[in-house]
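Just below is one structure, and these are the notes that go with it.
A, B, C, D and E label the chains in the order they appear, each numbered from 1.
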């Protein structure tokens, strides 16, 4: 059976903030866009965050409306829970992507996300969305603000007891679903495949991932998020409210011994942001940030850093060399206090946060045939004047797929990628130009998005 | 009536064949479920006596406190325990009504 | 002290332009700076729309002070700032006539990032209200016990 | 005091084997990972920084490089691959050269040509001496009767009569010893400075046990955190080396003999023990340096090769002398003996007081002086300000 | 005139067939804790439920999420809610979001009112009870307004498919090109006679090591050859009227001064010299000049700014020639405006780090020019003096601290990081090392911020290149002093070096380069003309750094490049492309929507006094027109919505209260004030 074919102007790969923004910027120009996301919901890494620097807006207040706008935009077709198998160029110069949509075992049309199935399911599993501190069941709605807001079954951790099916009021559970093949035909491709954080166990000196109270910064985002696993900032070893928290900067960046030489750009700011938020949640807690250089380079960022200093967050210059723990699982950091006479000290904290960096998560060469740079991210050969152009004509890159960057820079770059893709579609689309459905002056066009 | 019976039968057969197909993961998950159920039982028993903190439950059950925390978190999410204030630096939890009975 | 009538905290109405004071108040929020809770900020396109009676009626309804936070010379509307100033100037004699302390109405220019001036105004108006109390007392007393205007 | 930055020291230290010291961005990881540092002892970063700043005098005054045993943790975890451990190693070489006021040591560290020249010169000493004595005897100079080349059997003590050899060894030993003492005194002056004279002699005497302890056992090495194998190997090496030193310097009259002793004779047992240990330890060190697997062996300065290579060559030639002698081959014995002595003299003259050999003394001395300073600081003497590492 | 799609809202409102029952849905958002951490949201909801007309009162963790929006939609569809009030973040963030929600559920989008509970309540108050009471009052006021909401419709206007780009630097060029590539017309104006901006003054650029002018000219050539782009050099924006989709802009262009065919000759003949701004005043150039060899446009231009009376006499081929500046104006209609006015390097005060007092102290932009002019060879020679020790000082004019640094003329210190200087410095240091192997290079910094892709490599390389780094604390900036006469180096930097245990150290130097920060080009004229706002850092302000990072608060005006904040070339280009995308979104549809907040006349009350016309400052916004009412020929006020700015001046002017502002009526304000002073519904709020 031939796969269902979807014809669009642009295929956007990745439903994180960069992908969503690129898709919206293309769709709002009148182009047809297919947005393909690997996870069951769009939102990317950003939707996991609590609040965002330097404005301290609640993160979901920025992300969820964009997710909603993507879902409701009449020019965007959303494909979640999909894997792209291959991308080839056809004779007419258009790309065709072979996509497999994984079965959710839930009928997406009828599911109302009432979560009765979830309550009925007996299997509790660590929830990756909560950095495994929280739980989900074998059938679950990915998270409270997921788009689409629909349940799915984790078939690999299901005993097929059928309880969910019995309680479902609309009968949407369907164990017989099969993967669906799709072919997406597009003139341009925007890669917005994002990044991965440095694994917490990457550095043996930091406990190799075995110390329970040494957590990564994404975990703290979840602890701080109102929808987080505990609803409070508690440490994972025993649920204690921490009095003393240390941040270790460059725990996954600027370290040749880890094979990551570059700066991940976001860690200084998120550590400062989290410090401020923790100070708000736990006013008595002492917070220390061990750093090499504080890199608060963006608009309003240095002022943010000064505010944190004024709030009493301690900034200590020195790279933590080693973390051990005492018998109560309190982490102990060993560090040279560079600014304080160079003495070596061992300091005990209740919880230590590794300011992990950003690394490339996959090899884009295999599917998309674009070059990667030495840092593993998509190469942008014309990086100065055309920062979104890749080595392959018609394929553009958006957001942190082209190297570490923060949300502001990702959103700006997403706009730039949309501009590049639009220009490419304009120049090479069918009939010479104007692959997009550009609208004549005065012609009414439903503006479906918010 | 017969239709409904037929349906139930078909459904049971379908689930059974599926279980056969996913034998490996189903068995693995069943083992996990059993393990978790025994832990939950211990935790519930320990918590019969009233609100407790995670280290208290850990002490009473002999389970590692991080595991207790995870299970309490799970139970809280699905309304099986609820948070009832703090004791020192720890939150206290008690069994939700239906669990108490 | 203004406890003789209308118990409860005095109320400050802030008419803030979207392009100036309202955005400025938002910046104050962004900065998480604290100020008194008796402040009610209403967004306004341009305060030039409010006729003189509007202010008098507001005082009569029980608003104890009004801060008009407009954009001053940065007003995006032609003549908006001047027109607003003219109207406010006409309100003052009307207030006097009714025995209302003219310090209860202030026109100030607040820009989108004017956090410090915003806080200063709110602090000052509350200091004033601590001193002169509720407007209702003044209105009840009539023009004879008029407080000296500054 | 003028603290003027002088970037030339980095370049200089590279000649002493510092590998990538420029790359250091002063994060402090090395100092914090080092198991030997604490709130009082802070290195290697402080040393690297002094080098980057070019503060020569202050480096000369510090004993810190001697407190490091090169476990390599700092280099393994350095985020910039700046090889701090190699910098400490290079600083030990540099300091060794600085303690030697003659400048000879510096030359040998920084110029391979100078090393070859020195070896060539020193190794000629025994050859020339033998030629002179045998020549003079042939010319009929009296008093040289014991010099004789016997070819029908092995008669080493006739080829090179032991008391003559011993005399030469002792003379060289005194000369080298005085050089060593001069350098040690210099080091003492540098490290203790003004303080040296203020500290009561009593403390020096009471703490002298520290010196002996560290000389013999390298006790501090055990705090290094790494496994104890290297410490033990080194201890073994020292025991072998010390045995051989005593046999040659103190007991040569007994050790160099034409007698064929039974296998369990103490002369043979001691000799074998020292030989086996030296051969094993130096052989392993050399192979390690060739393979470059462990951090400590990844980089090698010529001076790292020299000392073990000398011992290795000395041991091998010694074994061959021994075999040839017991086999009863006169000529091979004599020639090998000359070669052996050439190696030993070269070694002593290029190492003692100026080469890597001197770490035998400098390292325990540094510990000793540190301890003395600590003790002095502990004493309730009001005129003494507490003194840290820097 | 653009085609107008006039609002029919006024007519509709009047002719609404029956007074439908007002059913209000009130929603109090937790804002992910931002509000609920201070305000007892449940109590607010409970209180609001007791108000008249409120049929639904709910809370949600985040109302703006899809699930939150779905609640509203459901209430509209299932519970007949026909007015919606959400109390959440500032209206500037999500008012549009919820209008969309309401519209999706089939309601007029203006049956929505947004109350800012976050920025104006929970974020500024700590007293939870008082903040909760205030929230109830603010929401009550919103609900009071909601009772009086009327259906409105956006004013739809056809949009000029044409954009104006202000600034011919890299960002302006990039934006112009990207807008054009999307099929729109562009007018690009540049203040100076030549394109390229500051990028033309650079040599090699990071992180690609490309030649700056080669890269720049690649783009300039594209722009020059682009038939969709009209370029005006020596031009400034001098007037603007209109609104998004239909801005009528006036451009004033100075004369180039000399005709193309004789320009080279005239340049050769010119003798009057002025400091060369291309070389930051380090050299002189003629007043008839080319910015640099190979500049675009290639024709020399007269530098009128340096000729006070706008007239220049010249002797050419023995003849006296008079040149005169005859500025001309050009009127263009555009739908959107891109501000790409760029930056200016921070100019240190006289005496700041010895600048202007010691000849050995220069800024980095100056040094780049000096280096480009320096003789080739193994040794660096600047101004004919050999340089053996060179010191760089970071954060000059950036990351300044109150009470430590002297403020700018406007009283502010530059407390921001200029983002590019660290990498630029190290890039330069490496370049120096490659060219001058024996040069001693010192780098005095606070934090090294080589954050960008490939930037850390410059730091690593600089270290390996034996650049000696010294670190100061911001509160204790280094000092630059002249050395004593017998010293080998003429100047030195003194600082407390925190890598050397905070010791005072001195760095000998023959040349000191100040890594100066980035300041926005002064654009007060544009700020006044376009009504855009600068932030406290003086850079132009975006609406929201994440939601709308390149848009200004003025519809149709977007930002590109360093006018918005410090950026690298790459970041400027990304921002410019993003701005182009926004312009395309706005204009490629050929129509724009304006908010319907315009004046509206109640013909029953209007007496034709004409006061409104008198007070209105906008051309053709209100006119008195003759019409027949009740058989009588009368004059009545008529509003032209496309021309009405919605300021409301007419509202207060009308003696008969016959004119009001749609969406912001006086009556609505009155009822809001009533709600504020009213007793709040009794709810028990625990403290």
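The working rule: a contact is a pair of C-beta atoms (placed from the backbone, for glycine too) under 8 Å apart; a residue touches a chain by one contact, two chains touch by 3 or more.
The structure presented is a predicted model; accordingly, all values stated were derived computationally and were not measured.
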Chain E reached from chain B - shortest hop count over touching chains:
2
Smallest number of touch links from chain C to reach chain D?
2
Shared touch partners for chain B + chain D come out as A
Which chain pair is joined by more contacting C-beta pairs, D-E or A-D?
A-D
Among the chains, which has its CA centre at the largest distance from chain B's?
D
In terms of Cα-based centroids, which chain occupies the most central position?
A
At the largest C-alpha centroid distance from chain A we find chain D
Centroid distance [mean C-alpha coordinates] between chain E and chain A, Å
28
Indicate the whole-number Å distance between the mean C-alpha point of chain C and the mean C-alpha point of chain E.
31
Round to the nearest whole Å and give the separation of the Cα centres of chain B and chain C.
59
Would you give the residues of chain D that are in contact with at least 2 other chains, written as numbers and ranges?
25-26, 46, 80, 390
Give the residues of chain B that touch two or more other chains, as numbers and ranges in rising order.
none
Multi-chain contacts in chain A: which residues touch at least two other chains?
55-56, 254, 317, 338, 342
In the complex of these two chains, what residues of chain B are touching chain A?
11, 14-15, 18-19, 22, 25-26, 29-30, 32-33, 36, 53-55, 58, 65-66, 68-74, 76-78, 83, 86, 89-91
Chain B touches which residues of chain A in the complex?
118-119, 122-124, 126, 133-135, 137-138, 155-162, 165, 175-176, 212, 229-232, 234, 236-241, 243
The chain D residues in contact with chain E across the complex are 2-5, 7, 10-11, 20, 22-26, 46, 49-50, 52-53, 80, 390
In their shared complex, chain D is touched by residues of chain E numbered 440, 442, 448, 459-460, 463-466, 468-471, 497, 499-501, 503-508
Chain E residues within the chain C interface of the complex
90-92, 116, 118-121, 123-127, 130-131, 133-134, 137-138, 141, 531, 533, 535-536, 541, 553-554, 597, 615, 617-618, 645-649, 651-652, 661, 664, 666, 669-670, 672-674, 676-677
